[in-house]
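Have a look at these structures, which come just after this line.
One chain, chain A, appears in both complexes that follow, with chain B as partner in the first and chain C in the second.
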Partner chain A sequence: MRFVAARAVHAVATLLLVVTLAFVVLEMLPGDPAGIAEDPSLGPAEQARLRAALGLDQPPARRYATFLAHALQGDLGVSISRHRPVRDVLAAALGPTVQLAGSALVLSVLLGWLIGTQAASRPGGLAERAVRTLLPAVDAVPPFWLGLVAILLFAWRLGWLPAGHLASPTPPETWTALLVDRLRHLVLPVCVLAIPGTAPVARHQWSAMRRELRRPWVRAALANGVARGRVVWLRGTRAALLPLIALVGLGLPALVGGAVVVEVVFAWPGLGRVHQSALLARDIPLVLGGLVCVSGAVVAGRLLADLLSAWADPRLRRPGGGAR
Partner chain B sequence: MHGDDPRARTVRRRRTRPGDRTIRFRGAAPLFVVLLLALVPGCGSRSGTAPSDEQAPGRGGTLVVAVRVAPDAANPYVARTHASLELANRTLPRLFAEILPATEDGRVELRPELVVDWTVDPDRRRVELTLRDDARWSDGQPVTCADLAFTLAAQKDPDLAWAGAEYKQAIESVECPEPHRAVYRFSRPTPYTLMDVNDIHVLPRSIADVPRAEWRRTDWAARLPAAGPFRIAAWRDGAEVVLERNDAYWGAPELPRIDRIVLRAVPETTTLLTQLLAGEVQFASGLDPASARRLEREPAIAVLRRPGWNYVYLGWNTIDPEAYRAWRRGREAACRRAGQDACPDPPAEIARLAREHPHPLFGDARVRRAITLGIDRRQLVDAHLLGAASVPPSPILAPLPEHDPALEPWPYDPDRARRELQEAGWLDRDGDGWLERDGRVARFTVYVHAGNRLRRDVALSIKRQLADLGLDMRIEPVESAAFYARLFGRQMDAWIARWRVSARVDMTELFGEAACGTGGANFGCFVDDEAATLAAQARETTDAERRHALWHAWERRFREQQPYTLLFRADLFAAARREVHGIETSQANDALAGVESWWLASQATASGR
Partner chain C sequence: MRRAALPLALLVGLVAAAPALVPEAGRRSLDSVALRLLPPLSRVPMLVARDGSLVPMAGDPAAAPAPGRPFVVEHGEVVWLRGHGVARRPLGEFRLDEQGRPETTTRLFLAGTDSFGRDLAARLLAGLRLSVLIALGAVAGAAVLAGLAGLAGGLAGRAVDGVLSLAGDGLLSIPRIVLVMALALAVEPGPAVLALVLALTGWPAMARLVRVEVRRMRDADVALAARAAGASPLRVALVHVLPEAAATLAIAAGLRIAPTILLEASLSFLGAGVSPPAASLGTILAEGRDVLLDAWWVLTLPGIALVLFVLAVSRSVDRIQFASETR
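Coming up: the complex of A and B.
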């Protein structure tokens, strides 16, 4: 319980730090916080009225305090560029991002686990060659480039999959057709986001499994007649689970970062695109709200990874222990 | 790139044979070959057969339109994006549709929409309109003169701070002698009386219960009834807006012919082109020349080209930056002493600085003219815009009647440019290749938007050309907010930017002394008594012929003085799949203009593939 409380306090402090830093950086940027000054047709009096209407006439410290006080009550303010409550804008974008990033996370972990385990269990085989040579190259591919190639190949050239968006403009009439339509739209962005994430998972799983498979208990189990597949895929995997959990926790920020790029390429209406457009519009309430949302998800993911690690390895629950 | 190489066409045809579709993924090599082929433009497009233009207009279907930036608000008086204005053109009524000419001999047209009859009194102080009596809002209420009065009150309300409020200041009142008759009274005659009445959309008085100070925080998509051909059916923030035919529209049931329009935000160019080629999107505007040229080779795509109603220019700061900084320090100290939070630049003071402390380079018209003469703008257009632009001689664009068609842009003449620079005292005295005067090297920095690749590339070409004259031009790409902060803070020697042009000509907004201060658009504070007098007379002259003559004279002065070097007026491109008919009504300033009369040849295409 103490362990959980300590981790939770750490997570909240991280979140607060991120939001504070973001606010300070946004304030330091040159230009008008709401881009009002970018409209030269507005006179000084009109600009002043607009600033007052948007609450931008207050000093930054007061605006920050107000933002925090309201945020604690679940009110993230009103978006300057979208004229709607930030909460509503984020709520609409959260679902698509969770679909995209969540599916990509599951896919990359599953693929990485399969490839890594297979590579460790059959040294010199195709999977190990892939882990040693192909996957590092895949890891280095920028999601932006990969996305464009995927669109050109699978959407235009082959015509197998749609090039972007969440669903077709004309929704299918039956429930199953709707599901298929959603899945078809999900395939390309999820694969593009998942493929670079597969490489580190596979590498770590390969390394951890190689270590596990050299331990005496594996030889003992095999000598006692336990099937090799059972030893490798069940017992070995459980033993190699700890670094995998830590890796997934550490990889969450990269996944969210990659999602921003993938959302732009695939015109996916998620948090990444909201964030990008808010930054370009200098929409501070929306940028901060988005940051609270994204960093909250990342911090929660890390917290979950820490807790899972502690569950998998009781030694980490002792004082002085920490997730590796 | 294949270009027009006939061998390339052969390759293209061969690859589109059905048998060639089979790809075997045996090992990595074939995959990479496929990836490479997929990246080569022009190879194996999925083009279809264009339907015959002789088909009778069809009805129904969904038109999918790609936009770079999604509309940000359904209410055009609080919207910040052009997409929102185009959306409002479909959903809200206008008195007239303002049609900008698409050809050299065209003219601005105000096409009646809500208005059936109108009279403008000879003294231009009274305009009487008769409205259609069959126009209704989607909530069932009729569109009446009361809506016009409500709209004018909102437009002039300081709490709303609408950017176009200035054009309404001369309108004193709207009287409603009958529900469908409106009388506008002006406090003074203005040259563009009907345009002043017209701008922009009519709002329903049913939204009067929303305080105007709250308009920027209101979700209008769900609140605002429609009276245009379409109404908003779904608003997916930043991603998609779905419009459905408005049965309350006065043109119904004949118009609109299309049932639904889906506006989808596609920010990435490659994605947009692919969606257009694959049939997921059927219409897109705002295409760059390279994309348009690429699409012109596709039989399934029709490309529309229109002269743009905007121009890109190189602007000059005419005030010595050091003098301005010193003055500004003093001004801020005075504001602090007076306890004033806001400390704007008074226009008269800035104009005085421009006269008394001119910029070492750009305070001299000869230098500005020399730079215009030293830039081969036609070459810029050919190299960076593939020829799809013109070089305008004046910011009053052709074929507006205020523009003098006989006026020619300065030619590319580096010899004359050198002579002008010599006359201004700029000489290469130490033989290092750079001009000097009074111990100062002819060096300056041009600021460009970091995200605008075209302007960055153009700036690079200009840098090379000006280096031949001995001018050392530096380029500073900066992010948009920082760009404007520097521009308004007069911390720039020069900058590249763009203005969108309207049919209402008033150059005092850009080059008048009153626009030199904070909030004005005369960023470089160009002051010239002759040009100012001509512009002041022209903006107050209601006699069209005399007004045009005054603007022609102003243009000649502009040409001599060169407060801007006008770089180019880029053509605008839109593209549609061939199944979309009627797109000829599309306008440069409103790509979906006339969409209510468009129709789709095959409704099956609406769902994508």
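Coming up: the complex of A and C.
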């Protein structure tokens, strides 16, 4: 329980930090937030009245409290460039992002697990050589460049897959064709986003499995006649699985950060693209709302990962067992 | 250790000195009409003007003033190929050889040119330099902050430690790209500001390592003896604890260089970093995206160069780390 409580406190503190940062950015912006001061047609009395109506005459601490209260209620203001409440814009963009990042997460964990386990179970084999030589190269490739090269190659030169967007502009009639169309649009962005995430998982699984396979119980199981594949893939994996949950939780910020870039490259209508177009349009409420929303999603995901590892590993639930 | 550090120093030094090695540093174009989007390895014949400046003769071969020839002299004027047409100026404006014909020279565009007719290879070097300088500044700043935070967290008591680690953990859970994009609203993004923002958001992971090391050294015999001999807490911190933590910090900072170069490229690509007239890897790649279908090289070649450079940096830092561990 103490572990869970500590993680929850941590999550709340992070959200508070994010909202505070958003407020600081808002305060640091040049000019009056409402642009009142620049309007010469307003007299001093009217200006003062408007400032009072917008709460700008309050001391910063008071305004911070108001900002915080509104953010807690999900009221993040109205987008300047889209003329809609920030909450609605973000809610519409959340689905595609979760779809993209979720698929990439599943793919990268699966791939990393397969490659890492295979590399550990056959030293000197193809998978191990790939892990040794390819993984450092994967770390050096910026995802947005990889995405653009993939578009150039697979969408433009070869014409195999669509270059972006959620679906075709004219959706097919039958629902199977619709599903295939959606999936075809998912392939490139998900692969590009999953590749950088695969490396840490594969690296972790590789070293964890190597450690695990040197343990006496492996030799005992093999001597008892348990098939090698069964030992490696079933029992070994179960033993090496626990830290993987924590690893996925720690990798979430990087995953979401990568999703922002990949969404921009593939014109994917998710949070990242909304955030970037808001930045280019200098749509302040939408950028800050996006910051709060994305961070909130990441914090929720990390909390979930913490709870999952507490559920899977009873040692973490013991009093004083909060340390990783 | 010193031998392992040599490749890294060479790489960074070479890139920092790059503009001295290439003529126009990729900033200006000789002629944006004639040189627009030339493919890699293009050889462009150039006229030499009286003042020594070069006038490129390139463009659509169908528009050449005479078949297969980049220029002709007629009626006391030089007529040369420029883009989809020709340009003409009096013969007297050019440098002439003994026979009274305009002198020509050839220039090789190793990586081709971009849509403004700038030499992509030169621009790439200039961009790499700026990216590396930003990354070095950001990592150095983050390392200083991490050192301070780690020392404070390890020595100054529970309250300070709690606040610092909560703030650090919080910063680690926010995607850095999103955070810097929001901060880019408040401050005009330029190379120095970008380095500062990256430093301010990049310290927590390193601070954690320093804190562990500081805690270990705080209770070590050396520190205990110094304290027993009457040394002040500040002296113990600076003379006995800090040097031990500094080695850890240096390695951790070295490991951050390559990812920071990539982060800067991503941010500039998204429009939250260095803005277009200045060349950074991110802005070059963003321009490459705009001409993706017309000119593959503007995107592909700088990207490959970036990957190779980052790979080289991280390999040499790995070797430094290995050398320092097996010392």
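In this section, the second predicted complex is superposed on the first by the 281 of 324 C-alpha atoms of A that agree within 3 Å, B and C clash if a C-alpha of one lies under 4 Å from a C-alpha of the other, contacts with A are read in each partner's own complex, and residues count from 1 in each chain.
We adopt the following convention: a residue touches a chain if its C-beta (ideal position, glycine included) is under 8 Å from a C-beta of that chain, and two chains touch if they have at least 3 such contacts.
This one's a predicted model, so the numbers in the text were calculated from it and none came from an experiment.
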Return first, second, both or neither, reflecting whether A:Gly164 touches chain B, chain C, both chains, or no partner chain.
first
Return first, second, both or neither, reflecting whether A:Thr14 touches chain B, chain C, both chains, or no partner chain.
second
By the touch definition at the top of the document, which applies to A:Val78: first (chain B), second (chain C), both, or neither?
first
With the two structures laid over each other on chain A, which partner does A:Ala22 touch: chain B (first), chain C (second), both, or neither?
second
Given the touch rule stated above, what does A:Val89 touch, chain B (first), chain C (second), both, or neither?
first
For A:Pro142 in the superposed arrangement: first (chain B), second (chain C), both or neither?
second
If you stack the two complexes on chain A, which partner ends up touching A:Gly125: first (chain B), second (chain C), both, or neither?
neither
What is the contact status of A:Gly102 with respect to chain B (first) and chain C (second): first, second, both, or neither?
neither
Chain A positions touched by chain B in one structure and by chain C in the second:
29, 148-149, 151-152, 156, 264-265, 280, 282
Chain C - residues contacting chain A, complex
166-167, 169-179, 181-187, 258-259, 262, 265-266, 269-272, 285, 288-289, 292-293, 296, 299-300, 303, 306-308, 310-311, 314-315, 318
Given the complex with chain C, which residues does chain A contribute to the contact?
10, 13-14, 17-18, 21-22, 24-26, 28-29, 136-137, 139-145, 148-149, 151-152, 156, 252-254, 256-257, 260-261, 264-265, 272, 275-276, 279-280, 282, 284, 287-288, 290-291, 294-295, 298-299, 302
What does chain A use to touch chain B in their complex?
29-32, 35, 37-50, 53-54, 78, 80-84, 88-89, 92-93, 134, 148-149, 151-153, 155-159, 162-166, 168-170, 172, 264-267, 269, 273-274, 277, 280-282
For the complex, give me every residue of chain B touching chain A.
21, 23, 28, 34-35, 37-39, 44-46, 62, 64, 69, 72-73, 78, 80, 158-159, 161, 163-166, 213, 216-220, 236-240, 242, 260, 262, 264-268, 270-271, 274-275, 277-278, 280, 342, 344, 480-486, 488, 518-521, 523, 606-609
